Amino acid sequence: MPTPPAARYVAVVGPGDAAADDRRDAEAIGAELARRGIVVVTGGLGGVMEAASRGAAREGGVTVGLLPGLDRSAANPHVTIAIPTGLGELRNGLVVRAADGVVAVGRGSGTLSEIALALKHGKPVVGLRSYDLEVGDMAAVSTPEDAVAAICARL
Amino acid sequence: MPTPPAARYVAVVGPGDAAADDRRDAEAIGAELARRGIVVVTGGLGGVMEAASRGAAREGGVTVGLLPGLDRSAANPHVTIAIPTGLGELRNGLVVRAADGVVAVGRGSGTLSEIALALKHGKPVVGLRSYDLEVGDMAAVSTPEDAVAAICARL
Amino acid sequence: MPTPPAARYVAVVGPGDAAADDRRDAEAIGAELARRGIVVVTGGLGGVMEAASRGAAREGGVTVGLLPGLDRSAANPHVTIAIPTGLGELRNGLVVRAADGVVAVGRGSGTLSEIALALKHGKPVVGLRSYDLEVGDMAAVSTPEDAVAAICARL
Amino acid sequence: MPTPPAARYVAVVGPGDAAADDRRDAEAIGAELARRGIVVVTGGLGGVMEAASRGAAREGGVTVGLLPGLDRSAANPHVTIAIPTGLGELRNGLVVRAADGVVAVGRGSGTLSEIALALKHGKPVVGLRSYDLEVGDMAAVSTPEDAVAAICARL
């Protein structure tokens, strides 16, 4: 286990009904974050959240899932620490607060809310096939490797 | 006073450090919403929030300010009901939940988070000099009159 | 309408399935608070919350209902401003934050959480047939008139 | 690491300025919970929270700290996963939601709010030198061993 507060935390956010390429890349990102000893934070459900968790778990990493509902069993099976918040979509803000930086994979209104809240909090954001915004510290990348390199350079 | 739950609530969101044209138009939007008997919800602070509240108050309307901090006196003087939430930027989600629809005036990461959360909740959003997104039910307008007409048509 | 931030806000908290004497006294408390120009804050639902709202509304007062769910229509009909929070029981903390002081009528775990959070925030609490705790600034009273007098003396 | 959702989570709550006997017993409780493979959830700060985390960490257990502020480094050094929530005292509700049961050690208004919210959520609570309430499923015990046995019997 990493020893906080030394450990770094990165959120991987993206749609729960993600396309195949988004799931594939989220899994690669989760895996590489775990290899670097970084705790992977997600919203705990499916799609990009599950793929990133699976990748991190495969590499022996620690994943935190902040769930929208009150039922812990809604977490995908690759979540190490599952936290039911009961906040609904407001848990997106907790995902951002729990992280030192955010990697967004793909698009969707929930994903966009997490990007926006991260930028509002002044946290770095890296997007892969996500939004191209003109606010805050957000970088667009085109590969999982670049996503991890870019977010780590900004932490 | 309107008699909920019959009354409708519309959030007017936008930057706290808004430009002059955004403040002017937000005031016109608040005034027109009030003339229609609609409760105006804002984040309670300055800029677009203050301008919309001022417009609504001028027309005898009711304005609700959901403040990020714990201090009620941080509300702008045109807020009728000031609610300190202590949630920081997560109060943006409460602004959206308190409203039946959202009018965004101008741009900023906080504004973007409110647009995204509204779309995630399936609530209509109208933008004036704001973001042009390809997700959910969001319409772009160019005048305060059109903004109010468009949001009311979607409630 | 009162003009915040000058207006004072008092939460009236108590069980949703309140006994007849608790409902009767909550209504009297709501009425007297309204006569004093104080905004009455509740959790927006039934029992003590509805009774306090009814009393305040009868006297032309303003009542704010902070609802646990996302549906505004769950508010009792005497709520002036109904705010769906979607926070579940965590909205109890918002009720406390929205108020300058708390009057508790009757007992229950939700009521107890509001008393405890108010005391934690250093806000005055007055209890009528409620808990007798040895923490913070909490006074026990035996009539609605004493409840209002006691909370107003502490604001 | 435990494999959620199979793992159980127990919150250990109590004052941040705890007396020596409360800290000693909280440490023993955290240690015994960890030996049983239970994830220990706390508010992440000092006093009872730190003591329970220290006990769990000593036994190789996993501890989650849900912090009131936005700064991860406020976590005590024995927290494995530190989550800054920025919710202030409302994070007490998240501590309760994250746990399957609650052990309260000592007294205080924050502790009382956690007990009350747990009972409101229908979760079992065990108290050691804490409140003796007549609501919900709350058991009073007099030793750390009994506290762990009692909460585990109720999970």
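For clarity, chains are labelled A, B, C and D in written order, and residue numbers in each chain start from 1.
Heads up, the rule we're going with is that a contact is a pair of C-beta atoms (placed from the backbone, for glycine too) under 8 Å apart; a residue touches a chain by one contact, two chains touch by 3 or more.
Because the structure is a prediction, the values reported are computed rather than measured.
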| item | value |
| --- | --- |
| Chain pair among A-B, B-D or A-C whose interface repeats that of C-D, sharing over half of the contact pairs by residue number | A-B |
| Rounded Å distance, chain B centre to chain D centre (Cα mean) | 40 |
| Gap in Å, rounded to a whole number, between the CA centres of chain C and chain B | 27 |
| For chain C, residues contacting two or more additional chains | 70, 86, 90, 94, 121 |
| Overall pattern in which the protein chains touch one another (line/ring/star/complete/other) | complete |
| Residue ranges of chain C in contact with chain A within the complex | 70, 86-88, 90 |
| Chain C partner contacts - residues on chain D that touch it in the complex | 89-90, 92-94, 107-110, 112-113, 115-117, 119-121, 133, 135-136 |
| Footprint of chain B on chain C - complex, ascending | 1-5, 9, 39, 62, 64, 66, 70, 72-73, 75, 79-86, 94, 97-98, 100, 121 |
